[in-house]
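In order of appearance the chains are A, B, C and D, and numbering begins at 1 in each one.
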Amino acid sequence: MAIKRSAAVAFALGALMALPALAQDKPKELVVGIATFLSGPASVFGVPGKNAADLFFEELNAKGGILGVPVKPVYVDEGAGTNQLISEYRRVVQDQGAQVMFGAISSGSCNALAPVAEDLKVVNVMWDCGTQTIFEEGKWKYSVRTQGHAGAEMMATLLYLMKTKPDFKTIAVVNQDYAWGRESWALFQAGLKALKPDVKIVAELFPKFGAPDFSTEITRLSALRPDVVLSTSWGGDLDTFVQQAAARGLLKQSTFVLPLAESSMERLGAVMPEGVIVGGRGDHYFLHPKHKNSAEMQSFVKKYRDKTNVYPIYPTFHMNQAVTGLAKAYEKAGAANGGKWPTKEQVIAAFEGLEFKSLTGTITIRSDHQGLEDQLLGTTKRVPEYPFAVYDKMALYPGKLVTTPVGEKSLEWFAKTKLDLVNDKSIETFDYSK
Amino acid sequence: MPPEMLFLAALDGLAYGSLLFLVAVGLSLIFGVLGVLNVAHGSFYAIGAYVAASAVLAAAGMGLPTWLAFPLFLISAILVGVVVGGTVEALLLRRIYGKEEVLQLLVTFAVFMILEDAQKVVFGTQPLFANAPMNWLGTIEVFGIYYTNYQLILIPLVALAVLVGLRLFLRRTSFGRAIVAVTQDREAAMAMGINATRIYLFTFMIGASLAALGGALSSATTSLTPGIGSGMIVLSFAVAATAGLGRIEGAAVAALMIGLGRSAAVYFAPEFDVLIPYLIMVVVLLIKPEGLFTTLQTRKV
Amino acid sequence: MARQYLIGAALLIALIVFPVVSPWSTVILTVALCEGLAALGILVLLRAGQVSFGHGLFFAFSAYVVAFMAAASFGHEVLLLVPIATAASGLVAALVGLFIVRYRAIFFGMLNLAISMVFFSLLEKLFSVTGGADGKRVPRPTLAGMTLERETFEFWMFYITLALAVTAALGVARYLLSPGGKALEAIKSNETRLEYLGVSSRKVLYGAYLLSGLLAGLGGAIIALVSGHVTPELAYWVRSGEFVFIAILGGVGGVAGPFLGALMFQIIRGYAAVHAPETWHAVLGVMLLVIIFFAPSGLYGLIAGRKRKSAPKETAPKETAP
Amino acid sequence: MSEFILEARDLELRFGGVLAANGASLSVRANERIAIIGPNGAGKTTFINLCTGYLKPQSGSVVFAGQDVTALSPRAITRRGIGRSFQIPQLFTDNTVMENLLLALSAREGTWSPFLRLDRHPKREEMIALLDSVGLRDTAERPVRELPEGMRKLIDIAVALALDPKLIFMDEPTSGVSSHEKFQVMDTLARALDARATTAIFVEHDMDVVARYASRVAVWSGGRIALEGTPDEILNHPEVRETVIGVGV
């Protein structure tokens, strides 16, 4: 009996010991750890992101991987909570030998992971999170962002609203109660005050993240009748809000501005009326006016639909940018290193100033590791080709135009916004076409 | 603040409270009879919602009329209660009735964890909604504000029907009276020849069905995403504890209190809407430890 | 008795050696120890037959105290932060305990749950103060005045935590053998008699509650330091449920139980995260069921090989005549 | 100071419509051995519960050793020197007999130091002696759960005695004891009580026990005392013989 018991102890400890493995200098494979939501409400982005990553890495490996090294993605559930995420992240780096991490979707996770990546000295590609404060308030050597940030997204949204509905007098906001909802409103509000100081903010509502019911909020908005209702909500929250607002006629009463609606359009189907201002956190859109017919886009949309039965949404494009950016950075670093396998430090250095093509445009990584990405906004329109609303009256805002310059803080930069930005010449416009 | 806004806030609170009641009353009933605080109750709510939404979408896909959704809600709820609830009771709970409270609680906690993932595997992670039933019932105008008939009239009516139905069932039918007898004195009821095993199973199924019905009804108004159950469970704890566990009419009053409190908060102190249910629960428990509607009993020595 | 020490010693030696063999595991082991401390707090209450579904409150409270203090210019020192934050949680336990010791069984659990959920909601809502749902970063403080690199810091934090955990475990073991500890068990088996000994069961429970709050607080303070980030999730009911889970998984028969449980919890979760990243909740759930049904005395009971008396649910003695 | 160590006056308690105590009064002198007899439902246990704080009377008073203890908590009353045993033993069933006694000892001595191990209590010997005096020394290290009902009843009393009460209520001390052992048990108990000069009030159904050990008998009926007197007077009282003892017993 005693032997049996010590055997049990030995087994438990052996199980712990079996976990570690050594990282290699010249890898047989490049392990890329990807933090994404596999559980919880944000898995509406996380799971498409993972599905897209599987596709992209498959393609990449079919072409010989990165510098001839096959890439192996390993996933970490962001939905397990920040503290658990941090230990999982460490485990993937220290135990599974990941040299590159993609972290993460939530701004909270990104804020938490950036210092961990610094500690672990691992290349950390912030593949989806948007908080502008990361590179404005901190300096992270090992982290890089391959897409735009909340500042660019909100600036483009503000400019688009000012262009399409310049005369509004009142506005209300209904955002999710967490960093993104609060920060995006703070930015928008700062810019709005600079451009239209006389606008009245009639309600600022921050319902709980994941709230199943917005009836009371909708009643209040119905009574207040604001000209514009802004909501940067997403996922189930946005679907529920739009659904309940539509059923109660609120969408007809006010102009809705939904900068993340691109990710909900297919699901909302017939619920989404015409005339709603929509965006998708960047220039991605499977019906992008300039790129929808490109071979890459066509092939991606087809493959993605074959796999998941739905059209790709913005996190899949963000994943594409992260994967492409990583491959390009390795190639650049490898070339600079005489064709040899680059160190992590060389890879991260290669990211600075890197320019690469995404499915819908070009991404430039600035010296502060922030990506410049164009922003596409539009107004919903119903067309016979699709059972859901599509973008019309589109405007494409160049990343450089709407992104806070290096060294400045977005909030201050927003407060200095000038009206002439609304009609800047670099903004391209398009109407919907088949 | 114009006075009609108060009235409007009350309307919102009524709809919300009604839904809460449906879920919480099942929890309360199960506790009253089995003495088990069922943490997995939120999962029944979530599964009920998912099954109902899937059924409604499938029916719509087959071109069936929209009104069919309402019987489908009921069928889904009963199905979930009987199949999922029945399985949990018969396979797991039945084996631990004599054990310590903490073990019973943990078994339902384990079931909760398993069902959370099972939902994801079966129904996916993408938000799912089936709002046709809500839109089919149309809207009603109150003080210039549109409300959906579904939320303002149907849900409170169903809640009322469940309340009245449960009361009648528990007082007028022999099976219902057997349930009450078990609630009041388990040993005496068993001594009288009441088949406790059967009572437990059916009560658990009824309780689970009620949670699933709440879920089914909410599937028309809200997007279903992973994790909807875990928020609902604490809310129904709050309702059940505020009312006094095992109290059916009490659950209605407590659910209404929490519903009204929450919507009042959205008007007057939007920062505190999520706090309201827990604050009400803490305050009630501090003042009246056994809940609003229970009287204290002394153990005999 | 001897076996109890043997298990403790074996566990201790394994823990001491482990980080040397496998450096990456230090943080995970530290986290396990922190959760073990909180579960030890649960064990203390379980001895009185009470189960708290709200110890996340104390865990999170001290974690946030650490986060606030470390972010401010003062108190940027582990040797200050840990005792102050633990004491702060103790203070909260002292306050909450005043009310909570009046309750038993399900109401005890419910009230704990409710209070922790109030705190959780406040953490989420007061965005400008607490950082809302995203939480707060905890800058790495100095350790005994030294500014350390990550690895060294983690290394030392592990051994400090281990020392604290061992001290706490021995202290709790001692307490459980003391008259106060036995009186605590008496609350579970017969509160009436306890009162008829002239002993205030509330006072006895209050002491235990304070102790368990301090233990959870200690765990929370350290977890904030080693993971470098705090979120409201630390106070969420699921987290509190995990502490109870760990306590039962490990077994409440001895003070080594919660730590065994916490280690096992981390191992299972680690494996599940690798092999079933989308269903790790379910894996844990199944594990819990297996333990409850097949080894109700937990891992500790399995190893110690002494069946914990399958304590039947307390049935109130009935009187034939008043 | 009154000549009585305990004076219960006109205690009243109504459960719903039932009068469980209906002007119950009893005065007890130091060192008396009072037996309370009466049919089931007469309110005997309720009287003990009222005197020891488990139930609060709606009216009436209890004075113990010159102090008003009416409606105090069991804890406060116990601390003033009233002990009790129960009809169904109230013990810490998961613990050993010795642990039960040592807890009582700790309560009496106020020894709550977390650094003291209960099983190494400095006055442990005293408890062994107590156990010895009730003839249960062999059971010291056995868990209470394993012991037969009769032994538990005695331990229940021993635990109460460990507190050194000035007065003890015993609710049917011999109910779980086989009839041929009753006198042996009662002899032991009586010696222990005498040695400690403890006043005792006990509920008893066995009239032989009452006759042999009581110094005074109180007959309970309808929530109050119906008759009071020496064992001789009471046991030969025709009405008592009929209602309480039952004809032919």
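Just so it is clear, a contact is a pair of C-beta atoms (placed from the backbone, for glycine too) under 8 Å apart; a residue touches a chain by one contact, two chains touch by 3 or more.
Just so it is clear, the structure is predicted and the values come from calculations on it, not from any experiment.
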{"item": "Other chains in touch with both chain B and chain D", "value": "C"}
{"item": "Touch-network distance, chain A to chain B, counted in steps", "value": "1"}
{"item": "From chain A, the most remote chain by mean C-alpha position", "value": "D"}
{"item": "Approximate Å spacing (C-alpha centroids) for the pair chain B, chain C", "value": "31"}
{"item": "Approximate Å spacing (C-alpha centroids) for the pair chain A, chain D", "value": "76"}
{"item": "Distance between the centres, which are taken as Cα means, of chain D and chain C, whole angstrom", "value": "42"}
{"item": "Interchain centroid distance [CA atoms averaged], chain A/chain C, Å", "value": "37"}
{"item": "Per-residue overlap in chain B, given as positions that touch at least 2 other chains", "value": "116-117, 120, 271, 274, 301"}
{"item": "Overlap residues in chain C, where contacts from two or more other chains coincide", "value": "124-125, 192, 278, 280-281, 311, 317-319, 322"}
{"item": "Two or more partner chains touched - positions in chain D", "value": "45, 54, 86-88, 90"}
{"item": "Of all residues in chain C, those that touch chain D in their complex", "value": "174-175, 177-183, 185-186, 188-190, 192-200, 309, 311, 317-322"}
{"item": "Chain C-facing residues of chain B, complex", "value": "31, 37, 39, 92, 95-96, 98-103, 105-107, 109-114, 116-118, 120-121, 230, 234, 237-238, 241, 245, 271-272, 274-275, 278-279, 281-282, 285-286, 289-290, 299-301"}
{"item": "Chain A residues within the chain C interface of the complex", "value": "1, 5-6, 8-9, 12-13, 15-17, 19-20, 38-39, 74-77, 80-84, 86-88, 90-91, 94-96, 106-108, 111-112, 115-116, 119-120, 177-179, 182, 206, 208-209"}
{"item": "Chain A-touching residues of chain B, taken from the complex the two chains share", "value": "5, 8-9, 11-13, 15-16, 19, 116-117, 120, 124-127, 129, 131, 134-135, 139, 143-148, 150-151, 218, 221-228, 231-232, 262-263, 266-267, 270-271, 273-274"}
{"item": "Residues on chain C engaged by chain B in the complex (per definition of touch)", "value": "46, 49, 51, 53, 99, 102-103, 105-107, 109-111, 113-115, 117-118, 121-122, 124-126, 192, 237-238, 241, 244-245, 248, 278-282, 284-286, 288-289, 292-293, 296, 310-313, 316-319, 322"}
